[in-house]
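What follows is subunit A paired twice: with subunit B in the first complex and subunit C in the second.
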Partner chain A sequence: MRKRTLKRGLTAFWWLTLVFLYLPLAVVVLFSFNAANSAASMTGLSLRWYHQLFANDQIMSAFGNTLVLALTSSLIALVIGCLIGYGMYRHRHRKLGWLIVLIYLPIVLPDIVFGISEMAFFVKIHELTGLLGPGLGTMIIAHVTFQIPFVALIVYSRFVGLDPSLFEAAKDLYASPLKRVVHFMLPTIKPALISAFFLSFTLSVDDFVISFFTSGPESATLPIYIWGAIKKGVSPEINAIATLMIAAVALAALASLVVNRRKA
Partner chain B sequence: MTETSTAERHSQRRDEPHEGARPGDDAAGSERTASAIHMQGLHKRFGASTVALDGVDLTIEAGEFFTLLGPSGCGKTTLLRILAGLEEADQGRLTIGERDVTEVAPHHRSVNTVFQSYALFPHLSVRDNLAFGLKMRGVDRAEREARVQRIAEFIQLGDLIDRRIDQLSGGQRQRIALARALVCEPDVLLLDEPLSALDAGLRSQLQVELLRVQKRLGMTFVFVTHDQDEAMVMSDRIAVLNGGTIQQVGPPREVYERPVNAFVARFMGHANLYPISARQGLRVTTELGELELEPDLATTEQGSGELLLIRPETLDVRLGRHEGVNHLIGRITERLYRGSHAEFRLTVGDTTLQATINNRGRRLPEVGDEVTLVVAPEDLVTVAN
Partner chain C sequence: MTDTAVLGRSQGMVREARHLLFTVSPGAAWIIVFLVLPSAYLMGVAFMTNGPYGLPQMPLSLDSFKQLAGFGFLGWSPGNLYTLLRSLWQTLVATGLVVIVAYPIAYYITTCRAKWRPIMLLLVVVPSWTNQVIRTFGWMNLLAPGTPLSSVAETLGLIAPNMGLYPSNFAVTLGLVYNFLPFMVLPLYAAFEKLDTAQVEAAQDLYATPVKAFWHAVFPQTLPGLLAGIVLVAIPAFGMYVIPELLGGGKALMLGNLVANQFSGGSNWPLGAAGAILMLLATFAGLYAMRRIGKRLGGGEEVVI
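Now for the complex of A and B:
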């Protein structure tokens, strides 16, 4: 009897947690379809904010920037992070534990510290060389730097989960170093690469702080645009952007999950 | 009984000409010749203090089923990995066939390995696993497919060919791993404890299968195991290793019945070993008393610290007291009944020894019984300490 009560209590707690997590999101999504001008009341369903959204050049350019930034930085981070992950795997038996900590550090470092450092660095470089003026370029570099650790760790853990004899079997079965990469390593870690890409993409779309410190006048992304717009008050348009972003991130996360499931 | 049949089978296999056949090839007269392996002064260290191989000289004949046997850390796996090219010797030379391969990379050697964990590629189907080596070697698609099909039928797993690796049982994986190596038709096949992950029944079934495959192909097989029973069942010859050196090389009967030292004697099976305190002609004195050896053993060199070896199954255990040559009076202190046979622990004076008796349905001695142990002079062996 008591056991059943406890079980019911825990189930209720679980649902409560979900509500706590998703209710605010649900409100945003709901109000993005609101026909009224203010968030005070819900007068009916309409797609007018979405129409306005797509007619707004500033938003569309921010959307384009977000997409270009996320795609480019994720692809670059994928290549570099994959190499680092393999390097970490190959040298896992050496006493290089502190190097692995170095890889972890950007993950736990506060974004604001990271963002300010990147900005200060780019400004200095710009003063000295005239290169790396604030814009999409600096943002891509900044995003790549915080994406690399995630990619490296995902790739590393995939390699660690493999039977080490597989590497030897590939050698034993006449695969040259290049063929080992093409026919064994890349296909074997493909699921990890795909999920690392989606994670990087999500992180990039998600990021505000680091983007804010490294962006230029022409390179506002959606989060930066929202932040600017919100100073003039929350318009229902913002709800529509937020809804689209929730949908995009959820899709990416879902895709990464599906790929991970399939890899077994 | 078993020993005689082992010996028969053994001599039969030695006399048989090894006909080189391709795996799964029905047409006779295919020209494959097996390769011999020569190892000279192989040394290998790991780090500063671990000596894995300490000067190994060994010749493995073409077409031989050769086993490297020893406890873990004896260097047998390191030796196999050097043969595969996965490890490089610090010193020494290695020749396979006519070719010096001491410094040749694994993907340039005509040697294939069956790994202990099978190491089947998880991202590939059975078919693509089997074809991997051929593909890497640049064998064209049509021939590749034909050879994969042939090998799959040869090991009777044709119907599994489109499965994923994770859909296979342990025994099936083992066979696929074997087939993946055989399909490349290497000069030498290396097997790293390939049966150790399987349960006892499947294991003995695959031992027989492996032996048939080797016999039919006439390929040189180098097999690594720590299981002396497996080594004796499978091998033409066995090399017993310990501490990075070869202790003894010989056919199974020789290694088991005429071990050169106490380590080999103990490793190959249960061994009663007693220091020899005095020796006069054919008579040796140990703590068991005086025992008589057979004439041709008496001529072997009398090194210091020699031991007398009595295998438990060579002791005849008779109830009661009897008199005669090599008769010892003892008492049973422990009995382990094993169905087909029973193991006894006995004391003769203050000395303990083990005896094994086949269960012939007669009354087995009980704990506390006084018995007479009889051992034939030809079953006694002296070994170095």
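Now for the complex of A and C:
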């Protein structure tokens, strides 16, 4: 009897928490279809903010920057992180404590310290050499820095999960190291590489603080544009961009569900 | 051992070392050049003097730390100290609330059917995949003056008329809880999933009250998850920038805003860098404390870091 009331109470709490988690997102989506220029009341449905969105050059260029930044940084981080993940696995019997500290550093460092360190450093380098002026280049460098650890850890844990005798078999099968990499290593860790790439991509699109401090005047991404718009006084277009970004996340969630289902 | 064998082994070692160098050095060098050096430079900046444009200058001094403690041209003022205390308080309250919400949620998920659990976890996590600025903007929409939630609070006499629930310290706390809830649910769920129910049943058989059963049979078993969750919530919450900036207005600033503002508007890089050092010290102290507590209570290895 008491058990049943407990279960009922928990179920109610679960649904309340879901409302709490999705209400702010739902409000953004709802107001993106608002006919009035108001954040307080809905007067009717319209797509005018979406039309304005696609006519706004700044938003379109921010969208482009977001994609270029996420793609380029994820690809660079994938190569570097994959190498380091394999190195950690191959040499796991050595004392690599310093490497572990190095890899965890970008993860534990508070965003804001990460961002301003890079900014101060880039400004100094720019002052001394004229290189690394703020822009997409510096943003890509910063993003790769926080993506490398995640790629390395995912790739490493995939290798750890493999049967070590596979490596011996591959050695017997393929004489050259290059062939081993192409025909054995890469195909075996493909799932890890795919999830590492998507995680890096998501981390990049999700990031605001580090991007904000390393960006230049021409390299605003969507989150930076939205931030600026909020600071200037809310423009209803923000709801429309935010809704599109929420839709992208929802699609990603569905995809991950489908992939997991297939695995199971 | 013949000479060739020795030669072969040392060649092998050279090859191994070269392999290690080839695989590890690009990433290690990247992190050293683009994170360790910048952080070291930032720490150096904290010990420099503030120049005319807010940029660091020689000579070395401890001015920035004095300023952080509140000593300025006009004598001592408590502003920065308030900001620091507010950061600590907000972190404490938000982490506590997150724990209170996450415990029942994590437990509830483990009581549901196995095929639903991944979907339920996904439902908890998905909001955190959207950009932080967007999520916070959603709360601005919900809590602004004139919204239904603000009207309810007004009718109940919780806030002054026409003030709205945002900007306020309350809005910041709410934003922090919202932001970090998934980071507590996941490790707690992992702990609940491994829970040895025999211990709980034994406690119930011995007529333990639910509170006692929880305290002696459930809590110790979920402790590693709880500690991992606290690390994932409290450390980033202490350095939070976006949420206090958007939901707090000017009066609810936290350390992250104090630091960031020194690098943007009214700039004073050395002061900002001194704040950053404080944040780093807090981060490492927090990690260290969690490790110690975890080890003493016997759950050490399972804490994520």
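We take it that the second predicted complex is superposed on the first by the 245 of 264 C-alpha atoms of A that agree within 3 Å, B and C clash if a C-alpha of one lies under 4 Å from a C-alpha of the other, contacts with A are read in each partner's own complex, and residues count from 1 in each chain.
Heads up, the rule we're going with is that a contact is a pair of C-beta atoms (placed from the backbone, for glycine too) under 8 Å apart; a residue touches a chain by one contact, two chains touch by 3 or more.
All of these numbers come straight from a predicted model, not from anything done at the bench.
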item: Room on subunit A for both subunit B and subunit C (clash or fit); value: fit
item: First, second, both or neither for A:V205, with subunit B first and subunit C second; value: second
item: Touching partner for A:L21 - first (subunit B), second (subunit C), both, neither; value: second
item: Subunit B versus subunit C as contact partner of A:S165, first or second or both or neither; value: first
item: Partner chain(s) touched by A:P106 [first = subunit B, second = subunit C, both, neither]; value: second
item: Most subunit A residues touched (candidates subunit B, subunit C); value: C
item: Which superposed partner A:I141 touches (first subunit B, second subunit C, both, neither); value: second
item: Angle at the Cα centre of subunit A, taken between the Cα centres of subunit B and subunit C once the superposition is applied, in steps of 10 degrees; value: 90
item: Which of subunit B and subunit C A:Y86 touches, first, second, both or neither; value: second
item: Which superposed partner A:F184 touches (first subunit B, second subunit C, both, neither); value: first
item: Smallest separation in angstrom, by C-alpha atoms, between subunit B and subunit C in the superposition; value: 5
item: Touching both subunit C and subunit B, counted on subunit A across the two superposed complexes; value: none
item: Footprint of subunit B on subunit A - complex, ascending; value: 162-163, 165-166, 168-176, 179, 183-184, 187-188, 190, 264
item: Partner subunit A, residues of subunit B touching it in the complex; value: 84-86, 105-108, 111-113, 115-124, 132-133, 135-137, 166, 180-181, 184
item: Residue ranges of subunit A touching subunit C (in the complex, touch as defined); value: 7, 10-11, 13-14, 17-18, 20-25, 27-28, 31, 39-40, 80-81, 83-84, 86-88, 90-91, 94, 99, 102-106, 108-114, 116-122, 124, 141-142, 144-145, 148, 152, 202, 205-206, 208-209, 213, 222-223, 226-227, 230, 234, 238, 242, 245-246, 249-250, 252-253, 256-257, 260
item: Subunit A-touching residues of subunit C, taken from the complex the two chains share; value: 16, 19-20, 22-24, 26-28, 30-32, 34-39, 41-42, 45, 101, 104-105, 107-108, 111, 118-120, 122-124, 126-127, 129-135, 137-142, 144, 146-147, 178, 181, 235-236, 238-239, 241-242, 246, 256, 259-260, 263, 269, 272-273, 276, 279-280, 283, 287, 305
